[in-house]
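The structures considered in this document are given below.
Heads up, the next two complexes both have chain A, just with different partners, chain B and then chain C.
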Partner chain A sequence: MTKEQVTGAAEEEQQAQSKKALKKQQKEAEKAAKKAEKQAKLAAEQQTADEDDFAKDRYGVSAMVQSQEKVDRTLVRVQELTPHRGGQLVWVRARIHTSRAKGKQCFLVLRQQQFNVQALVAVGDRASKQMVKFAANITKESIVDVEAVVQTVEQKIESCSQQDVELHIERIFVISQAEPRLPLQLEDAVRPETEGEEEGRATVNQDTKLDNRVIDLRTTTSQAIFRLQSGVCQLFRDTLINKGFVEIQTPKIISAASEGGANVFTVSYFKTSAYLAQSPQLYKQMCICADFDKVFCVGPVFRAEDSNTHRHLTEFVGLDIEMAFNYHYHEVIDSITDTMVQIFKGLRDHFQTEIQTVGKQYPSEPFKFLEPTLRLEYREAVAMLRAAGVEMGDEEDLSTPNEKLLGRLVKEKYDTDFYVLDKYPLAVRPFYTMPDPNNPKYSNSYDMFMRGEEILSGAQRVHDAQLLTERALHHGIDLEKIKAYIDSFRYGAPPHAGGGIGLERVTMLYLGLHNVRQTSMFPRDPKRLTP
Partner chain B sequence: MTKEQVTGAAEEEQQAQSKKALKKQQKEAEKAAKKAEKQAKLAAEQQTADEDDFAKDRYGVSAMVQSQEKVDRTLVRVQELTPHRGGQLVWVRARIHTSRAKGKQCFLVLRQQQFNVQALVAVGDRASKQMVKFAANITKESIVDVEAVVQTVEQKIESCSQQDVELHIERIFVISQAEPRLPLQLEDAVRPETEGEEEGRATVNQDTKLDNRVIDLRTTTSQAIFRLQSGVCQLFRDTLINKGFVEIQTPKIISAASEGGANVFTVSYFKTSAYLAQSPQLYKQMCICADFDKVFCVGPVFRAEDSNTHRHLTEFVGLDIEMAFNYHYHEVIDSITDTMVQIFKGLRDHFQTEIQTVGKQYPSEPFKFLEPTLRLEYREAVAMLRAAGVEMGDEEDLSTPNEKLLGRLVKEKYDTDFYVLDKYPLAVRPFYTMPDPNNPKYSNSYDMFMRGEEILSGAQRVHDAQLLTERALHHGIDLEKIKAYIDSFRYGAPPHAGGGIGLERVTMLYLGLHNVRQTSMFPRDPKRLTP
Partner chain C sequence: MALKELSSLEKCLGLKKPNKYSTQGERKVPVLQNNNGPALVGLVTIASHLVHEAKRTELLGNSAEQRAVVQQWLEYRITRLDNCSKEEVKVILKELNQYLEDKVYLAGNSFTLADTLMYYGIHHIIMNLAVQEKEKFLNVTRWFDHIQHYPGVRHHLAPVVVLRNRVYPSGQH
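Showing the complex of A and B:
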C-alpha cells in the first residue's frame, strides 16, 4: 500500500478509537514493557554467567537484523552441504528443526525449506558447557546462524536430507526466536494418516493446519505442493506464450452479474453496488472480438456458492484460455489438451522430488496421460455408464458420482487419468454455448477430467448477436442485463472457443490429493475467511 | 462458470421476472424475428440477381461458422504476405479495414491485428459486376475469407504494413458481418492529438474509446500497448523464476482490513462482511515466515480511494515481490532493480515494433536506465529540490509535483529515467516499516520511480513481533485488528523486505503515456465500472 493511504488509515483509526480501546492498548503496552524488562534481566543474567565462560563470544542472541551493516559473509545453503565441502568451515542460516541434549553434547537438526542436516555442539576447545546449554535451550523453529565445520560421516544419516555430512558447530547465534509453545508440531503435520491410526501417533487435523498456516506451510509436504503449483502456472503460461497467446488482465469488479445474479458476491462501490467476477469469460471474449486472437489469463475467480465439499472454494485461481479458430472448435480443444500435456510432462520431468515428497504423506498412483489426448463423446460416456448399470437419460447431466465412475471406466479401458468429454447435451449448458449444427440435442461443448474429476469446462461460444439473443430468450435471461455482452458481437466477431481451468484442482488431482484446501495456500470457503 | 451454476442462475432469473420484463422480451423476440425475415428477403433477392451472374458461387455471406465440418484449408496470416509468395493463390481471413469502390474495381484494405494489406476486386474473368458491388457493400470491420493471388507491386504501398504486395481477390465470403454504423472510426482513434488540432481532423476522446473498448482495442496503438504489457508480465516472472523465486497465489477476499479500514471495499460474504485486499503484503510476508524464502505474485489489488487522477485506479494489477535477506535490505533492492532492468532490456530488445507503433500516436523519448541502477538517499533528494528552490522540511513527504521535478533534476544530472529513492523519513511510512538503526528519523524504506512517477513502494518490514507491536501502538492502530498479522512473526521470522509494483504504471511510463487508463484494458475508477 502507498504511504499516503496508510497514514490516512492510521489517522482515521485514531479518531475512531473509543476510550475502551485505548485502555486495552495501554494494557498491551504495559505487557510489552514487562516482557522487555524480563528479557533485559535474562540478558543481564547471561552476562554474569558469561564472565567465567571462555566461549562467551561464540554464542548468544544476536541483535535484531535491522540492516545495521553489510556483513561480508557467505551463507551456505543446507542443500549444498555435501561431502565435497568436507573439512570446510562454513556459515549456515537455518531453523532449529529438532534439538536433543545428551550429556556434554547437543544434537540439532537444522532445516532450510525441504532440506535438513544434523549438527552437533559438544563441550571442547570451541564450545563451553554454557554454550552447549545455550544451544540446547534454543526453542524449536527459531532461526540461527551457525559457524561449523562440515564433517563427512561414515554411517548415512537416514533421517536427514543431507545424509553424508554433519556440522560441528563452533559458533551459534539466534537470529529470530520462536515462542516456546508451537501450535502444531511439524513432524505430526507430515505424518501419513494410516501411520497415525495404526501406530497411535499424533496427526494434525486440517482445520488446525489451516488455522496455523504459517507453520503448516513449512512442512516438506506443503513446500513441495506449492513449489509444484508455481510450476503449473509457469508451464501453463510458457506453453501458451510459445503458441502465440497474449496474456490479458481482466477486471474482477464488475457492474452487472452477467449470469443473472445467483452465486455472486456483492461489493459496495462508492455510492453504488458492484459484483465480483464469477469468471473472466466476458472479458476474454471481448479480447477475441478485439482481435487479440488467442488470449489467456491467470487470476482469482469468485463463487458465492454455499458448497462445503472437498473440491469447492469461494475464491480460486482460474487458468483461462480463449481462442479464435478457423473452421472447427476442435482446433481449440487440441490447443488446450496439448497445453495440459505440456504441463503434465513438465511436472513429471522437473518436479519429481516434489511429487515423491508429497507421496510420502499422501501415497497415490503416478498420473497417466495419452498423446494425443483421449476425446470421448458424451453419448459414448452415457453408453459406458449404462453398460456399468447406471440408469440415465440421453440429455441428463452427469452427477459427481457418475463422473467418478466414468473416470474409473475410462482408466480401465484406455489407461489414462486425463481425457476430454465432448458434445454435451445442449440443455445442460449455458445459453452462450454453440448448438451442435448436426444434432439440435447436443452442443459444441466439452469438459476435461483428471482422475475422474472435472478440471475444465469449455465450449465454442455463440459469436453471432442474433443467435445469442435467441438463446438467451430461450433460457429466460433478462436481455437488459446482458446487453453489453451481446453488443460485443455486433461489429464483426470471429468464431471462438475456450475454457477455464481451476488451478487448485489441477494440483490436487495431479498429486492424487483429496481436498482442494491442501492446494490453496489460504483457502476461502463459506466457513473460512482466515488467515 | 460451471454448467450447474448457470442453470441455477437461469432458473432463479426466470422466477424473478416480472410480467413487464416478459413483455419486453417478447418485443425483443419480435424484433429479432423481423430482422431474420428481412435478411431472408435480402438473400432471396440476391439469389434472383445471382441467376444471371457467372461468378455467383465466388462470393456471398457464409453460413455462421458452427463447426459444421473440418475444412482442409490453410489460412495465410497477413504478416506472411510478402513478395516470396508472389503469384501464389492463398486464403486469408481478415477484417475489412477500409473499402473504396471506383468504377469496375473495389479497393479494400484487409487488416489482421497490427498488419494490413491492400486488396482488389476487379470485374474480369474471376469477378462479375455483381461481385464487385457485393464486395464494395461489405461493412467496415466485417470479417471475410478471401481467396486471392498475391501480386508484387512496383510502388510501395505506404499506407499498409505489407508494402510490397497486394491481393487480387478471386473469391470473397463474409464470415461475420459488422453493423453498418461503428461507434468510432479506427483511423480517428489512432490520430495523434496534435494532428487533430492542427489539421482540424477528428480524434476520439478517452471516454468514447473506453465505452467502446472492443473496437478501440483493435487499433494498432492498443494492440501494441497490450502486447507489450503481456511482455512486462512475462519478463517480470521469468527473471524472478531464474532468481529462484516461487510464485504464490494470495486471497483477495480477506476478513479484516489490516490497515485500519480506510480505502477498502466491503464485500457481503454469506451472513457476514469481508473486504477486498488492498495489497497481498500480509500474505507475502506469511510466505516468507513459512520458509518460501523468495516469493512473487501477480494479481489484482483493490483501492477504494475516491481519486480521479491520471494515475489512480480502484483496481489494478500488482506485481509483488517479497524476499528474505541475510544482513542488509539492499540485497532486496538489488534484486528488484535488477528485475526492472531485465524488463527494460527485454522490452527494448523484443518489443521495438510495439514501442514504435505507440510512438506514432504518442511520441516520447526512449526510456533510459543505468546499470547498476542509481540509488539516491532521501536527504540527497531534499537537497537537490532545495537547490532548485523548493522549500520543504527534512521529514516532509514528497508531493506529486516535487516527485516530478525531482525526476527532471535526476534526469539532467544522471541521464536516467529510472532510479531508487532510499531511506524515507520514518514518519511518512507505514507502521510495519523497519526504522533506520543509525538514525531514528529515517527508515529502511524506498520508492522506485520511472520518468518521475512512483511505480514501487517498498521497505524492510519489521519481523519482530515486539517491535511491531510498539510501532503499531505508536501509530495508534488497534492491535486487536492486526493480531493475526503480528502473530505471524512469533515462531521465528527471517529478516525480509519487498515491494509492490503497479503493472499499468510501468507500461504507461515506459511508453511515455500520460494516463493509466490507456494501459488498463478495462479500467476501474470511482466513475467507471463498465465495460
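Showing the complex of A and C:
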C-alpha cells in the first residue's frame, strides 16, 4: 500500500473509531437517562408510600413466632367458612395459593389442606393503597394470618372449595414467608392430564413431583389421597379388633429370607449379615402356634425386586392377617373378604369428600363390590379366558395381561371390581401352601383382585412338620435355613390360613389411580432413595 | 397362503373340480395354467375367473358402482394389506374401522368377493389382536365376525373369538 493509501486507511480507522466512540457515548447517555428516570420514579413512589398510610398497623410481616406470648384468639378452619357464618369477623391462618392485583383491589385465594376460599383486599376505609400493594406482593405459599369479614356471594365461586362465601380482609400478617421461586407450581401439579393437553397448559411430571415431595403433598389431591389411606389403615384395624383379632409386631431384621433368596435386602449385622423381612409370614404363623388364634400386623415390607413398574415398590406397608380355623379354610376367606368389604363401605360412607377431590384430577369409575364377595374357582377363570380367545394351560399361572382381562370379563359378567380366585394350581404357589385334598394338582390357595390387579395372595398353610419338610424338599429349599420355622409346628399347631395386602396398592386401586407412587408418601423403588 | 385361499374359494363357490395351481416369483404369486389361452397370474385375477366359472357373477357386484367398489377392495387387499408392516397395520385397521361404521358389507348391500378376500387377508391380524384392541376397532370386528360366520366362507382358517358384550368401557381407548 502507498503512504496515501495507508494514511487514507488510518483516517478511515480514525473516523470509524470516532464513530464508535460516538455510538458508545450515545449509549451511555441513554443508560444514564434511563437510570435517572428510574430513580425519579422510585423517589416518587417512596413519596406516595410515605404519604398517609392510615392502615399501617393492619398489615405487615410478623416477627417469627418463637412462642413470645399466648394470644387468646380462635382461628377458624377454612372448611368452616360457610354462609351460616355470614357477617362474622373471623381470624384465619392459611397459605397464599394465588394472588391477583387489579388496580385498587387484590384477589387472593387462601388454601388450607383440601379447602380454599377467595379473599379480597380493597382500598377503602379499612385498607390503604399500600396495604393492597403489600398483599399483592406476598409470595405464593407464604403462611398468613388474616382477620376478615365472611361475606356471602350470590354467584358461586366455582374455582374454590368454599363456593358460597368470600373473605373481605381487614388485617393481614405474614407468619412465614416462602421464597419467591417455587420448584413447582401447585396449580400445575393439580391440573388433570387431559386439561393440560387440550388447553396447552403445564402439568408437572411424576418425577418432579416426587423430587419435591413436600410441596407436592400440599396439593388438594395429595391431601385427599393420604387422608383416605389413613382411613384404610384405621378401618383395617377397627374391623379386625372388632372380630377379636390381636395386633402383633413382627421383627423386620431376620436371619433367613422368608419368601425366596432372590429379592431380599441384606444388611450388615455386627460381624455377620442379616436380611430385611420380605413379609411377616413366618412370624404370623409362629404366633398362631403360640395360641394367639387371630392376629394381624401393619408394618413395612422390603422387596429387593428390580421391577420398575407402576405397581412395584421396594418398600411398602403390608397389612397382614393370619387366623386359625376350625374345619375349612373358607372360614378364613370369608373373614378376610368381610374385612375388605367393611373397609370399602367405610371409605364409601366417610371419605366421599376425599374421593371426589381425587376424582377432580384423576377421574375414575366408583369402586363396586358385591355382598357376599364373589368367589370364582381358578378352573372357571381359565374357562372364561379361553372363551374370550386366550390360550393357556390348566396349571399355568395368570400373566398380568390375563389377570387384567379376567378382571374386565368378571366386571362385565358380575358387575364387581373385587373378587376372589380360589384353588390355584399347586405348582405356582410357595412351598408352605396346603395342597388340595381332592386333587393333587391344585392347592388351598387364593388371590384377591381389585380392578383386575392382584392385591392379596393367601392360602391355608401346611401346619404339619413332616408334610412341610416334604414340600420344602420338593421345592429344593435348604432345610437348615428354615429349621426354626419347621420346628414351630412340632409341638401341636392348629390349622390356619391368612393373607397380606399392600396398603399403597389397595389405596391406588380403590381410587382408580394408575401408579403406586402416587399413594406412597415417600416412595422407594430401584431408582429412588430420597426424599 | 394364496393357494389355500384359492382352494377354499373353490369350495365356497361350489366348484366341483379343483384346479391345479403353480406359483411364480419370490412372492409366490399364484398362476393358473388354462388349456385354452394364456396363464392367469395373480390372486385377484384367478379369483375373479373362478367366480365367472362358477356363474356367481353377483359376487363381483350387481351395479356398476358396486362392481367398482369391489375392484377397489380387491386392489386394496393386494397392494395395501398383503405384506404390510407393523406400523401400517394400525393405519389399515383405523381406515377400515371408519369405513365400516355404517356398512354391513364392504361393497354395497350384499356379500361379495371383496368380503371374502379381505377376510382371508386380514384374518392373521385379527387373530392376534387383544380383546381390548378388538373393541377399539369395533366395526372391523363386527364385520369380521359376520363374514367368518357366513355359510361356506371359513374353510382353512381358525375361528376367531369375538365377545358378545363390550368388556372395556368406551372411554378406555
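Throughout what follows, the second predicted complex is superposed on the first by the 476 of 531 C-alpha atoms of A that agree within 3 Å, B and C clash if a C-alpha of one lies under 4 Å from a C-alpha of the other, contacts with A are read in each partner's own complex, and residues count from 1 in each chain.
In the analysis below, a residue touches a chain if its C-beta (ideal position, glycine included) is under 8 Å from a C-beta of that chain, and two chains touch if they have at least 3 such contacts.
Everything numeric in this text was worked out from a predicted model, so none of it was measured.
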Residues of chain A touched, compared between chain B and chain C (which is higher): B
First, second, both or neither for A:Asp415, with chain B first and chain C second: neither
Which superposed partner A:Glu396 touches (first chain B, second chain C, both, neither): neither
First (chain B), second (chain C), both or neither touched by A:Leu405: second
Contacts of A:Ala387 with chain B and chain C, given as first, second, both or neither: second
Which of chain B and chain C A:Arg490 touches, first, second, both or neither: first
Partner chain(s) touched by A:Asp207 [first = chain B, second = chain C, both, neither]: neither
Partner chain(s) touched by A:Glu30 [first = chain B, second = chain C, both, neither]: neither
Touched partner set for A:Glu371, first chain B, second chain C, both or neither: neither
Footprint of chain C on chain A - complex, ascending: 365, 387-389, 401, 405, 408-409, 411-412
Residue ranges of chain C touching chain A (in the complex, touch as defined): 130-132, 160-161, 163, 165-169
